[in-house]
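The following pair of complexes shares a single chain, chain A, combined with chain B in the former and chain C in the latter.
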Partner chain A sequence: MSAQQIEYNIGYLDEQTKRMIRRTLLKAVAIPGFQVPFASREVPLPRGWGTGGVQLTAAIIGSDDVLKVIDQGADDTTNAVSIRAFFNLVAGVPTTTRTEDATIIQTRHRIPETPLGEGQIMVYQVPIPEPLRFLEPRETETRRMHALNEYGLMYVKLYEDIAKYGHIAKTYDYPVLVNDRYLMAPSPTPSFDNPKLHQSQALHIFGAGREKRIYAIPPHTDVESLGFEDYPFEPQSFDQPCAICGSTGVYLDQIITDNAGGAMYACSDSDHCERTAARADNEEAAS
Partner chain B sequence: MSDERPLLEVRNVSHRYGDRFGCRGVDFDLWPGEVLAVVGESGSGKSTLLGTLSQRLDTSEGSIRYRLHDGDVANLAELSESAVRRLWRSEWGFVHQNAADGLRMQVSAGGNVGEPLMANGWRHYGRIRAEATDWLERVEIPRDRVDDTPAAFSGGMRQRLQIARNLVVSPRLVFMDEPTSGLDVSVQARLLDLIRSLVSDLELAVIIVTHDLAVARLISHRTLVMKDGRVVESGLTDRVLDDPQAPYTQLLVSSILQG
Partner chain C sequence: MNTTSTAVPTPGFADPPTEGQRVFRAILDALAHPGRSYRIAGPAQAPEALGTGLAAVALTLFDEEVSVWLHRTAAENPDVTSYLAFHTGARVATGHGSANFVLATPDTLPALDELALGTDDAPHQSATVVLDARTPGVGARFTATGPGIDGQAEIEAPWAPAGFLAAWTRNGALFPRGVDLLVASDDRVLALPRTTRLRAVSDQGQEA
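Up next is the complex of A and B:
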């Protein structure tokens, strides 16, 4: 094969587009949780596969950035590997799987188990940015509800859950109130990760490519997961530790192991799991 | 009662569709606890008037002054959208002819009645549910239907559910647009009975649009008769129906089938 034929602009998108997205981002950061419309572009990836996240990353990435991409929690899935390779090619940036080494972390679902620090940016790929969408199909009406701070309808959904199942059954994309003002969908992140958004040191930016919306949670912002006084928000929890590394208090994936319904539970965050397991091995070897 | 002023003062109110008037030059006062019927044939401007009064349609001419909960009098046309929506949430009710327009058909009965409470800031599930269940009983819906959706309800039950949803926040003024029209006669009678007792228990002011003079006679204190967008006659209901003055009212009254 011959060498690369096409010269890409850094980050693939042209400079005008990146400027447009950065402007949108500034507005999104200025109004935490508010969905700002933007002129979503084509990227070499089908809509619905993370085009919003890819555009955000393309608009903010620079040559001194280090990129980490996770799909679910894993660095080694097809989508994560491909997006990392893509930015390595078009932006020439180094990539990593280590959470604390990354300056930009693009994600599909999870927030890494390793706590995020100042200066890190989480980029989310969002399918449905409107938390009220399945309750109120009209965009004109949901925008008005956001404008007038009318969020009673969201509680109807939670009420229905409790009436039907005895508890709030929503376990992902669990609605949050940002900075005590805007109702926001944290994309399909599990509710397990919701508490990590509250007063986070990192900047969280959300891109919905198909729906053409960008929104953000700046660092040190209040993020409250909705609930009733007598049925407060409860993040998911797991009874057993990870079957591979033994971690507790982490988000686990169910992995089917046979045809008889057997399963094991292991960390969804592959970086966290590998390193915890390696550390345990070292300690064993040392003792 | 310290109600020295009417709840609603309507002066020369018109609503225009393009260059045609849907209703024109309407004047009346509505006092707390009063039930006003608006009657007239189809196309006479009754529903347009109701829409204008409830601020669903804009006021092309005239003024509507409403005495707020705190005693201040507001000119409705000058209120911001958020202030009008607050009125809808907390001080007004609107009962649609077709219950499906006023209910969320895929949400349980309890959720439907609880929604206005949640919109007004109730955040305690147990209390919301208890209040909703009480209201279902008040409108004669069995408690054990609280988790069923209105899609599984009969027409009469849906209409009663819609009324519960509107009254649960103790509004001061309720607009009703032909609330009994789609129902058969015996269900109509029961519903009217229920509306009448709730109205007197809660001291509600009601504006009810109907083409059925019997409904007006049964529950309203005063009646406006509309024709071609104008009020042709108004007065105490019994007076208007027993001694109609305007030729059109005479025609309307005489066209009721006598049993």
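Up next is the complex of A and C:
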């Protein structure tokens, strides 16, 4: 492999861009759940692959940080491995797969099973930041609806789900109300993860590169998943334990195992699964 | 410290990407944990009228895209104006009503509701006040609640200017509009985002 030809600034982005993103991020933290527009830049990965998250991480990362990147819960998928390698190269930061060792966790669509602690920052890669987009396509209108705190349309959508299917059918990107004011899309995380946002100890920041929006949930902030008194929000739940590590109460992936429709269910959080399995093996060996 | 009225600015950060990142993370942590103070390492020297704390905030957040209102002592001080112009390129605003950032001391802080407050559609287009905490105001103690605070927090605020609690309460009532506040001394920063609600605590520790 040839020597690196270009000397990049720390975190890849230039300082002026970082300042612009940083100012945007401060306003996003000050107005929990409100989507702040920003001048999204080009980064060396295609839009839709996490450009918003990458720009946020680039704007906050420093030599004291330890970075973890997950893609659907897994540390070992292409997107996660590439982004970890990218920041290892351009910011010189150590990376980890262990949730509690990380100071910054960039994620695509999962929140780790290991509880987050104070001082950790979750960075979300967001494809569609506007929770009302599929109900109202005009940006001018959705902005107005946020300004007027007018979220009736979303409740109508949830009601129609109940009328049609007997329950609220949304299982990912389940809308939340942040600090009792702004309707927010938690990016397409499964609704299983929604309760983890409420009064979390960590700072959650969301970047949508293609849609040019940044928003945030500070620590210890109320995050309410929408529902009705008689049809309250119900996060997804699973009947069986993980087939690999035996964990219960975690988010499981369905893995098809044969052509006859056979399937196994295993943890989507690879860090949690590996360590739980290793601990079980150790206990078995010790006994 | 540079006391002569030379227009040659004192140096900024020795290593801007690294130092700027550290200061930014302190400011971000402060805003995410209102009332808690975080250590910031400013430049080795800074104009006396700014101090290293305000200089660190300026070097970290200001550039040619922002406008800054300066309190009179700073605005009339060529050390400060040449420092900000050379290192940041920020425009100096003539009136406080339109500035993105407002640099003030406790006794020069303009009325908060005269500052840029944003609109209902764009509440992020509001001013960020950077208060110089090296000189005390009338002082106060508060209990704070709101996003970023686990339950409630006690804030010792020697920097609080006269009438601050009433002004901050009015600012909070404007939500989602309103200004955000950074309070910087030479080596510490704390923040109050517009979502933080304050109540006064009297000297006996009784809530007023």
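Here, the second predicted complex is superposed on the first by the 287 of 287 C-alpha atoms of A that agree within 3 Å, B and C clash if a C-alpha of one lies under 4 Å from a C-alpha of the other, contacts with A are read in each partner's own complex, and residues count from 1 in each chain.
Basically, contacts are C-beta pairs under 8 Å (C-beta built on N, C-alpha and C of every residue); 3 or more make two chains touch, one makes a residue touch a chain.
In this text, all values refer to a predicted model and were calculated from it rather than measured experimentally.
Look at chain A after the overlay: chain B and chain C fit there side by side.
When the two structures are aligned on the shared chain, A:L148 is found in touch with chain B and with chain C. When both complexes are overlaid on chain A, the residue A:A102 reaches neither chain B nor chain C.
Of the two partners chain B and chain C, it is C that touches the larger number of chain A residues. Of the two partner chains placed by the overlay, only chain C lies in contact with A:L203; chain B stays clear of it.
In the overlay built on the shared chain, the residue A:V123 is in contact with neither chain B nor chain C. Using C-alpha centres, the superposed arrangement gives chain A a vertex angle toward chain B and chain C of 80 degrees, stated as a multiple of 10. Using the contact criterion defined above for the overlaid structures, shared-chain residue A:K27 touches chain C, although it does not reach chain B.
Look at A:E160: by the touch rule set out above, it reaches chain B but stays clear of chain C.
Measuring only between alpha carbons, the smallest separation of chain B from chain C in this overlay is 10 Å. Across the two superposed structures, the residue set of chain A contacted by chain B and also by chain C is 144, 148. Considering their complex, residues 16-18, 20-22, 24-25, 27-29, 31-33, 60-63, 65-66, 119-121, 123-124, 126, 128, 147-150, 175-176, 180, 193-195 of chain C touch chain A.
For chain B in complex with chain A, the residues that touch the partner chain are 81-82, 85, 89, 104, 107-108, 110-111, 114-116, 118-120, 123-126, 128-129, 146-147. Chain A contributes residues 9-11, 15-16, 18-20, 22-32, 34, 36-37, 59-64, 119, 143-144, 146-148, 179, 181-182, 203, 217-222 to its touches with chain C in the complex.
For chain A in complex with chain B, the touching residues are 144, 148, 150, 152-153, 155-156, 159-160, 162-164, 228-231.
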